[in-house]
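Got some structures for you, see below.
In what comes next, chain A is part of two complexes: it sits with chain B in the first one and with chain C in the second one.
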Partner chain A sequence: MPEQAEGVVADGRSAGEAREEVLRVEGLSVAFGRASERVALHDVSLSLRAGEVVALVGESGCGKSLTALSVMGLLPPEAHVLAGSITVCGKEIIGTPERLLRRYRGSAMGMIFQDAMVALNPLQAVGRQIDEALRIHTNLGRGQRRDKVIALLDAVGVPDPTNRLRQLPHQFSGGLRQRIMIAMALIGEPRLIIADEPTTALDVTIQAQILEVLKDVTQARGTAVLFITHDMGVVAEVADRVVVMYGGHVIESADVVETFSTPAHPYTDALLHSVPRTDSVRGVDLPAIPGSVPAPGAAPAGCPFHPRCSDATQECLTMPPLEQVLPDHDVACWHPHTSGRSR
Partner chain B sequence: MSMLRRAFASGSARYIAGRVGQAALQLFGVVTIVFVVLRLSGDPARLLVPQQATAEDIARIRTQLGLDASIWEQYLQYLSKLPRFDFGYSYVQGRSAVDLISERLPYTINLALAALLLSMLVGIPVGMASAYFRRRFLGRALMPFVLIGQSMPAFWLGLLLILFFSVRLRWLPSTGFDGLTSLILPAITLASLSMATLARITRSSFLEQLNADYVRTARSRGAGTARVLMGHVLRNSAIPIVTLLGLEIAALLGGAVITETIFAWPGIGQLTVQAIQARDFPVVQAIVIFVAIIYIGVNLLTDMLYAVIDPRVRLAGSGEQV
Partner chain C sequence: MNTGTGPRKRLHATSPQTGDLPVQAADGVEPTMGSVSLESSPAVPAGDAVTMPRGRRFWNKMRASRRVWGFVAILLVFLCFALVPALFSTAEPLRADLPGRLLRPGTTSAGVTHWLGTDQLGRDVWSRIVYGSRASLTIAFAAVFCAGIIGSTLGVAAGTLRGWVGAVIMRIADMVLSVPFFLLAILTVVVLGPSLVNVVLCLALVRWPRYTRVAYGQTLEAQGREFVRSAVAVGSPPLWVIRKHIIPEVIPAIIVVATLELGLMVLYEASLSFIGLGVQPPAPSWGSMLSDGQQYIGTAWWLATFPGLALFLLVLSVNMLGDFVRDQLDPSERALRS
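What follows is the complex of A and B.
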């Protein structure tokens, strides 16, 4: 399996910069409440090309998952899109009737959820749950679908797939359940996968294996992955690019290497400093960011991070635009750290 | 079917044996309580003789019926006949209690099945719809009807139906049994309560499941409303529904006393009322035991169904994690 996967990866990489755009989010604003009084996403823009892994990073409540659900057209009923556009493989999602969205879900785009224990139907055999996207979107016969399911389960590392596809989710370990989730999202061969904290519920060794599997299967197929996480270690592991969100705004977007070497936004910088490192001094507390993420609707005027920011000035009371500070490196900050602070 | 077989296969023989033993004990308790309580209710001989009968007449009848023996003797004699399904003879009609019940049983089964079918076909879909469309007009509009169905007493609803469909419109017969048309009004009367209860339990069970994460996962694969409801939510919300259905089936088969009385329906319910009024001990005892057997049987079946619906019920504790 790995040899085959790597062959395709090399192939995919050679296509280079001209790869097709799979997802484009532009100026997306989403609010909660009857009168849309609690705005949770402000003017969010991002894009993904085929084969690219973009990490969407931020603390809980910053709007990562909401962005993902908007893309899938699965926003909870109490949330509304105020403005913006989302296109998946060139097809508009916002304003599209549910009947059409259903055709895209599972075929053009798939989603991997955080906790497979609750995200899987506890009373349906896993094979049947994986197979569902094929039953909905293809005309394949029973046997063909079964072969596909078995092959994919094998590819994501579920042992003895022929027998185990008849089992129920509770008969699998946490790691295997997450592999099943991955197979489920991928079975319809979508161009875009949204992985919403797929490894958060797992312990660290299993986490590494799952990331490996996810990388293998998506790279082999040239699938674009929007990887949602709050774990900077995972970001370094998987991402090509990083989009940092805070308080419902995209505040920084850059290449993964550049994000780690020269984080321009004070929040990104602080986030990186709060990751434990092997050269951290024992006994010294990890730096934490004081305060907490503002709730939707309760955000301060201007840059949502300014109350927690050591660099904040009077200027920060107005929201800075997302602007390019370096080639392919955008940041929304009046006082970006362009030189790359020493870490 | 294969699921049933699997449920039975996984070490459930001992479980079933245990349950059957438990059932026998419950039955013994029921027999004893009914026997004693009935004998506290008064002297059946007094109801069998004319007003002007002498004390000797009454004493003679008591001897005939075996009521002159001590309660212990009566009880032991009664128990000794039970294994042969001999439940004694009706004091009033002189026929065996078993015959009387089996004569009435087909009518009660007809009515019970009709009512059950009606309440399932209406109650479950109404509950599903009111849960799924809870934010929309349909979901809100259905619940008042459910509430009416639940609060309307059977005797009142039955009379209204007779008044309207039999007396006014002359569409349907009001009493007795005369073909399928005479089944309609009693079935509606009898079903209204279970329909409403079923709708409510279905609604609350569905509401709980509709917010579950696996529903969102199913939608993320492109599943539509029908697929989400029938393919995923129904089975997950089935346990409370099945529990209620079991109780309803037992209650319906036990005879609908009020409904059968209103519509002069010749079923078990009517027989029960007649037997109690006449202090017809053997018949009352036989009916109570019959109803108890139904309840115990249906409960056992319901419990086994749990394991079929949710295999975790049986697998729990057997350490089948991988």
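What follows is the complex of A and C.
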């Protein structure tokens, strides 16, 4: 077994470049307001390949959910896309009519929501809810759909799926409900899954199990996962690559190991240092980053992090471009930390 | 009464699912992958008010409440009257008998005992009340049905489309609700002419906004709910989402409003008949019996008293039942069901 797992990882790493690109976001800018005066996403670019788990991290309000909703084509009506393109499996999302987007949702890309307690309809049997994507996107017969639902429930670790299909969401525990949510998003076999803080509503032990399940089922199917969280511990557990956002900008993008060992952006560095570590005495050495995330429209000129940055200089009053500092390691900073300086 | 703030306030007091949800009974450790689980049956003990299906919980409450049964019995009696009046009446409700006019209650004439007396044309008051309940309940139910269908459809449409269509629908609803009932009713009946169908039409025309407002609010609330968003995220078409996820959320509130409206419709029908715009004579109706009887109030008290009593009992029992249903199905309480 371990051999096989290693094989998968090795394969994933080496064949990484050759893998099909599932999601590409390029130069995405999104704004709110009548005159689009509050820009919430600035020139966001990221990409995911099949089977890859990319963590999208950043403090609250930095635009993670907004990026996710843009990819799903589910931006609220008050948001405007100013520029950019999003392609999922080669299909453009921006400017595509709702009728077509509906066809992509659930079959090309799916979404797992934060709180399964409220993301499942309390009045409908869970089997029917999982089945929804199949009924919409395929013309499989009743029995075939049922078999698929049962097989998937089994795969995500819902015990006795045949009988539990008919039960209502309140008859499941929080962890099982989140497994059902995962099944609901995966049943249409999308190539891309966006998980927006899927475990924050759960307690820690169950969190770990859910992450495990999510990783297993997506890896088995080669599904790409865009994993949104602000928990760096979770990032270390699931991600292959990390994309860090701040104030609507992507400021760093790197392999997970590199992100943790040699974070280049001062914000990433600070973010990592704010992770409570088990060896630290509670409340003593958790350096909070001073200040807070700027609201859209109230962002300072230049790099949005410079008011909170200890390395800031005059140069930081213009926004640095996202540039490669190392192979596969991009950062948007005039004074990136080098491997020597970090930590 | 017209603005209907009572139930609305309650419906909107609902916190949208967040906040004080009860913690699921401790069903312990999550089963690990592939392991056999102990929780193949619902982990929460049966009979727990929180997890019981709505229908069963409703039934249990109802069984526990004696008072409600009294009112249900009264309503059932009137329903029986309306369905098979011939079984309960003691005389032909339309047959006049001038020699036997204005007989006191309990008098026997020509072999028939008039338990509630006779009216100014010698017709049996009891039989007319029995037959009158048919007009009353038919019109009330039909009016509630029409207004409910029209009103909820418009409300769900307004809540779904929003934009200017939604705004126009809701403004019209506000306008209709602000026009005094009798003004609109008299206008409709005068234009269309008095008939059973027109009375129903007129009542529906006046009352649909009540349902529209409630359906609109519930639709907006449902659309903000996460599960509607997760249905949209798997590509459900809008009509599907409405049918599967929004309508089930709207229906309980509409049932509450409909039950409360039923009593009001009985009163409105009686009022229209009272001023001669409802059921036309000689067909028996409580409203027209009341208006006929008021001329004789000094000499033949029973003419107005008994139809009034019938009206009072029916409206009271329908309203008490409505209050009960509201307390049971109130969405603010439904939030407890997770």
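Rule of thumb we're sticking to: the second predicted complex is superposed on the first by the 319 of 343 C-alpha atoms of A that agree within 3 Å, B and C clash if a C-alpha of one lies under 4 Å from a C-alpha of the other, contacts with A are read in each partner's own complex, and residues count from 1 in each chain.
One rule holds in what follows: a contact is a pair of C-beta atoms (placed from the backbone, for glycine too) under 8 Å apart; a residue touches a chain by one contact, two chains touch by 3 or more.
Quick caveat, the model's predicted, so the values are computed rather than measured.
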Quick check on the superposition: with chain A as the shared anchor, is it clash or fit for chain B versus chain C? clash
Between chain B and chain C, whom does A:Gly174 touch in the aligned arrangement: first, second, both, or neither? second
Output check: A:Glu212 vs chain B and chain C. Expected answer is one of first, second, both, neither. What do you get? second
Have a look at where A:Lys148 lands relative to chain B and chain C in the superposition and call it first, second, both or neither. neither
Could you look at A:His306 and tell me whether it touches chain B, chain C, both or neither (first, second, both, neither)? neither
Could you look at A:His249 and tell me whether it touches chain B, chain C, both or neither (first, second, both, neither)? neither
Go through the superposed model and pick first if A:Met111 touches only chain B, second if only chain C, both, or neither. both
Report the partner of chain A that touches more of its residues: chain B or chain C. C
One more residue to check, A:Arg102. First (chain B), second (chain C), both or neither? both
Show me the chain A residues, by the header's touch rule, that chain B contacts in one structure and chain C contacts in the other. 72, 74, 102-107, 110-111, 113, 115, 118-124, 129, 132-133, 136-137, 170-171, 173, 176, 181, 184-185, 188
Would you mind writing out the residues of chain A in touch with chain B in their complex? 72, 74, 77, 99, 102-107, 110-111, 113, 115, 118-124, 129, 132-133, 136-137, 168, 170-173, 176, 181, 184-185, 188
Applying the document's contact rule, which stretches of chain C touch chain A when the two form their complex? 17-18, 21, 24, 27-37, 39-40, 42-44, 50-51, 225-227, 229-237, 240, 244-245, 248-249, 337-338
Complex contacts: residues of chain A adjacent to chain C: 72, 74, 102-107, 110-111, 113-115, 117-124, 129, 132-133, 136-137, 157, 159-160, 163-164, 167, 169-171, 173-176, 181, 184-185, 188, 205-206, 209, 212-213, 216
In the complex with chain A, residue positions of chain B that touch it: 135, 212-214, 216-224, 227, 231-232, 235-236, 309-312, 315, 320-322
